[in-house]
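Just below is one structure, and these are the notes that go with it.
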Amino acid sequence: MAPAGRPGAKKGILERLESGEVVIGDGSFLITLEKRGYVKAGLWTPEAVIEHPDAVRQLHMEFLRAGSNVMQTFTFSASEDNMESKWEDVNAAACDLAREVAGKGDALVAGGICQTSVYKYHKDEARIKKLFRLQLEVFVQKNVDFLIAEVSLHVEEAVGCGSLKESDRPVAVTMCIGPEGDMHDVTPGECAVRLVKAGASIVGVNCRFGPETSLKTMKLMKEGLERAGLKAYLMVQPLGFHTPDCGKEGFVDLPEYPFGLEPRVATRWDIQKYAREAYNLGVRYIGGCCGFEPYHIRAIAEELAPERGFLPQASEKHGSWGSGLDMHTKPWVRARARREYWENLLPASGRPFCPSLSKPDD
Amino acid sequence: MAPAGRPGAKKGILERLESGEVVIGDGSFLITLEKRGYVKAGLWTPEAVIEHPDAVRQLHMEFLRAGSNVMQTFTFSASEDNMESKWEDVNAAACDLAREVAGKGDALVAGGICQTSVYKYHKDEARIKKLFRLQLEVFVQKNVDFLIAEVSLHVEEAVGCGSLKESDRPVAVTMCIGPEGDMHDVTPGECAVRLVKAGASIVGVNCRFGPETSLKTMKLMKEGLERAGLKAYLMVQPLGFHTPDCGKEGFVDLPEYPFGLEPRVATRWDIQKYAREAYNLGVRYIGGCCGFEPYHIRAIAEELAPERGFLPQASEKHGSWGSGLDMHTKPWVRARARREYWENLLPASGRPFCPSLSKPDD
Amino acid sequence: MAPAGRPGAKKGILERLESGEVVIGDGSFLITLEKRGYVKAGLWTPEAVIEHPDAVRQLHMEFLRAGSNVMQTFTFSASEDNMESKWEDVNAAACDLAREVAGKGDALVAGGICQTSVYKYHKDEARIKKLFRLQLEVFVQKNVDFLIAEVSLHVEEAVGCGSLKESDRPVAVTMCIGPEGDMHDVTPGECAVRLVKAGASIVGVNCRFGPETSLKTMKLMKEGLERAGLKAYLMVQPLGFHTPDCGKEGFVDLPEYPFGLEPRVATRWDIQKYAREAYNLGVRYIGGCCGFEPYHIRAIAEELAPERGFLPQASEKHGSWGSGLDMHTKPWVRARARREYWENLLPASGRPFCPSLSKPDD
Amino acid sequence: MAPAGRPGAKKGILERLESGEVVIGDGSFLITLEKRGYVKAGLWTPEAVIEHPDAVRQLHMEFLRAGSNVMQTFTFSASEDNMESKWEDVNAAACDLAREVAGKGDALVAGGICQTSVYKYHKDEARIKKLFRLQLEVFVQKNVDFLIAEVSLHVEEAVGCGSLKESDRPVAVTMCIGPEGDMHDVTPGECAVRLVKAGASIVGVNCRFGPETSLKTMKLMKEGLERAGLKAYLMVQPLGFHTPDCGKEGFVDLPEYPFGLEPRVATRWDIQKYAREAYNLGVRYIGGCCGFEPYHIRAIAEELAPERGFLPQASEKHGSWGSGLDMHTKPWVRARARREYWENLLPASGRPFCPSLSKPDD
């Protein structure tokens, strides 16, 4: 199977899902650009789209090459505090960058809205609503292909979905929840039902929990929808970190957040396993969130290449299941050039003084 | 201390070291660009400088912003197998890219030579020597500021250093060895002595071993030079991975190499500790090799900012010791905005079914 | 508080529990005597009471000194396969040994019945019932103070309890279940209800799961009884091993069972924590099963000494919370002579090549 | 190979070693009897031989059954502080107990001398020497078969060995050192040489370090003796704990000492490996120290049964390499009834919040 782009005119997100295609999301912007030097941890804001557009474009390009079908705009969220003057400029520029790169391959542009500020819960609801509407205006003006709202709290989610429908674009809504449900103890199944009733065409989870945990949540969402007799496309964009020890509010409470998460980073093989399980569960929009590097996205695209019929461009530079090692001078390294080896590897941390799990703070 | 570039005309590498300055090297190209989708693991060759110059330029930029004073050319090594036609073009382009980015800040260009092919030990010595001379010609023509030769085997190293001196540029030679010495059981101390006698102005280690292990090797090199009454500047560019369980030939023999190293990635705090210890040991050229991401280089620059008198540009986007968390809504996350917290964190792997150490293959 | 026995005439088991006393059970016989060389793993039979009575008496003595108020007879179970001729002799001798040692302190004798053979599920129900009645006859003849039936399967448990009541002695029934319930998915709460309805005065769990897990099960049993408006005394006798990774059928499925469980052995401090939590949960019969050594039983007695008003005899040889270290020549060892030290210790395994959790076989 | 005692008249220790026999030592008294409730941690004194002779006799019996050829007297050491009045009585009684049990099998009695108090370094040298002579008098009077002196400090060791020779009995001297040598930086090789020159017939190490570490020390001792052209029998009695993270002074400095060592306890399979390696190294007196339970000694005897020609008595109750599991009802437990399974098992700690190694205190 030769690496290849997907030729022809672009289908919309719902057409793709309707026809059974796998849509591959993109990965981590905030955490990845923090490590590259363009985002400040704590603030987590996207002014880099103006200050350092090359860096943002480059990351979009890497995800596109890795197989992403969606370029999510790297935008200020509606409730962002330090938005003032440059807020509109940043959001507009983010749309342009996403569109520019999307045009180089088979990718759509998704306007990304995160209604809940990570660091400050904003009391001034009127102001938020106004900004929210302004943000939608930018997205409509810049003609994004669809919208992704990432929400965590129950009340806002309904409001958000209602407003988003006015944009006359397909709406995906994902929640930052784990199997235990949202902050008001609404189960994932019930959450999914409410999201669909509020107008979301695609529902799922993003961020806060690792791949395995997020798939458990997706299973509960799927079952909830089935019980309610509702239909929606499923979408999952988990952390690129292993978090079996998370509490209800996810990785933010882990002592390693955000500057000591390295030992938890998933391998490409972990992600291939995740992609396969997501697919088997019926999820067709499969991507990642914080910690998902371009090679993780490529791992999704490689795992699902048999179903999709093609490999992503970046597979030009990647031998499937370690096959690039088959010429190594050392026979024991050559012996790693096979699927069974990497599927069964239990990678050591190199940190014998560290535990394998943490207790979440609170 | 405000982030700032280093103003004024550029001093040469030896002038800097002579005057007691700390020189910060750059980090990982092969492994980092592999994850970004531009280098093929197994081949580990730099054709991206021609195929995807934006990606290579961007990584140079990130290291520059992070505080690197050296842009090492991303060049084919002299004994590279698949060099043929495009070999010269790639090496020339690599020089241009390094020079372009170096010109945007206080960085020198180092011509990077790796005499030993990672994957194939080349028997045709005459051919290697010829290519080696050709490579030097490119470096001279492109006017690199100095040369860095990364060598692992004893015999070649002497040959290499001899030839390099002809270039009339300062020569740094680093070996890929650990505390146990080279493949012929020459101790690090003796290796350092021979390197200096062969003409190297700067000696040290790079790659193959993690920060702690590499500093042990540096200590032995330093003691060897002292015993021999020789003087040279010391340089260290270790892996960005923890490898306390490495055997004599380093991380290549670890079962996790190269696709399962994630849990071993150093945190920024690990690197600050490393930078401080390197400095205390008397090393003044401090950088990284495989696995060193831009934020690791920034960690060196931040740790040594008191000695250097300035912070790197990328510290615009980084609060020292986690201070960017001091506005978080959760009090237990705010409590992480302090040095003591991160210095004492023992980060969990999130992988309870994995061990903490591995046995090297062989 | 000076170590002291409990003076005066012996109260029965129900009188003790009725008056609010803490009753301390004994610990591990099969696994402990296996390590001492008197029980064969795989068979797990008690012929040592005849072959090596000194060894069995000694272990009873150690538990008595450690604070046990119950000497459970070390008897063949009713469905034991290899019982034939010596079966009755062994059971009678086991009663005599238990009675002999119980007479040296404040302990009762409990006739111990394990209806389910560990290794073979016996089909010949008529034979089992006959042997079961024979066993009860021995217990009555030897005048045990009460009966403890350890059951795991739902159906038998009811039968067993019915028969036991005929003995005219108080009956305790414990199940080898975890929080997920019995093999037919009957929840712990429902199990407890059925046991009480079948005539058990004391109900709880034993074996198969570690202390933390067993307390979770006890909580569910307690809640089940409360919901049903039933009253019974609660009893817990868990493994002395940490088993957070157990599946539904407990430690037998863990790959370490039975010859590699060493790294899982609880410390005395783990057991003090367990005893306190059991007490706080309202459990008043607190002991142990496989893996509970005499010092673990002592840890229960020391933790609950404030409530009971006295220490066990074996505390003559034990400084509370490590206080015996306060004269050590090394200051850093003296610094361990305090409660806070041991309560917070996270003990290393000394096994960096081993994981911290296992996947159960099945 | 049927379990069997070793018939016939007893040969002396040197005759046995001279003829190439493997001599199996005994195991842990202080730590084992502490867990059974008869020794106080911190004091670590043997008054149990008078207070609870049954408990001490029982432990001797277990080691005898497990295959020990040596019953080492459980005696106060010469420099013990709290010895006063009962000191002589205890030492005499300890000899009687050891002799009584030795008479039941093929075991010799060794008078055990530990010159260095664990907890207090005694300044009154004259008093120590007097007590030391008194102790030797007891051993001579009680007619022990040979002497074992366990020493850790360099100076005393010479003195001790000199005095011991006066007893006209073979003398074994073991040091509590690791590969780094004694407290005055005398290497293991040099230590061994000095011990032999001072009159020891058997030299080696005991206590303080785990099996693997102790074998490294033995290798150095052996090489030292070979270099010096000296001959002596080699003896090893390590901890039954894994201590790869020990510093120079051994397990006392580990944070887990002495009440949190459980996760470090060796399995029987670890000990079989140790026994085989000790044998291959040429060591013929193989036993254990703190943490060595009877089943660990049995593991030595089982591993070396092919060489010795017989199994120990306690193997009546032990199927080799887990063979006792071959009738289990669960097929996956039956699958554990084989050597390969247990040799390759990497046992989990069940403690995901704990590290695998510790840093020694000091």
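Note that the chains take the letters A, B, C and D in the order they are written out, and that residue 1 is the start of every chain.
Criterion: a residue touches a chain if its C-beta (ideal position, glycine included) is under 8 Å from a C-beta of that chain, and two chains touch if they have at least 3 such contacts.
Here the structure is a predicted model, which means the values were calculated and not measured.
Participant: Taking each chain's centre as the mean of its C-alpha atoms, which one ends up farthest from the centre of subunit C?
Facilitator: B
Participant: What whole-number Å value describes the gap between the mean CA coordinates of subunit A and subunit C?
Facilitator: 50
Participant: Which integer distance in Å separates the CA centroid of subunit A from that of subunit B?
Facilitator: 32
Participant: Could you grab the centroid distance between subunit B and subunit C? Build each centroid from C-alpha atoms only and quote it in angstrom.
Facilitator: Distance between chain centres, rounded to whole Å: 59 Å.
Participant: Hunt down the residues of subunit D that sit against at least two other chains at once, touch-wise.
Facilitator: In subunit D, residues 245, 346, 352-358 touch at least two other chains, as defined above.
Participant: Take each protein chain as a node, join two nodes whenever their chains touch, and name the resulting shape: line, ring, star, complete or other.
Facilitator: Here the contact pattern is complete, since every chain touches every other one.
Participant: Flag every residue of subunit D that touches subunit A in the complex, lowest number first.
Facilitator: Subunit D residues touching subunit A: 245, 352-359.
Participant: Please name which positions on subunit A make contact with subunit C in the complex.
Facilitator: 346, 352, 355-357
Participant: Residue numbers of subunit A touching subunit B in their complex, please.
Facilitator: 34-43, 54-55, 58, 61-62, 65-66, 119-121, 210, 241-245, 252-269, 293-295, 298, 313-314, 316-319, 322-330, 332-333, 335-337, 342, 345-358, 361-362
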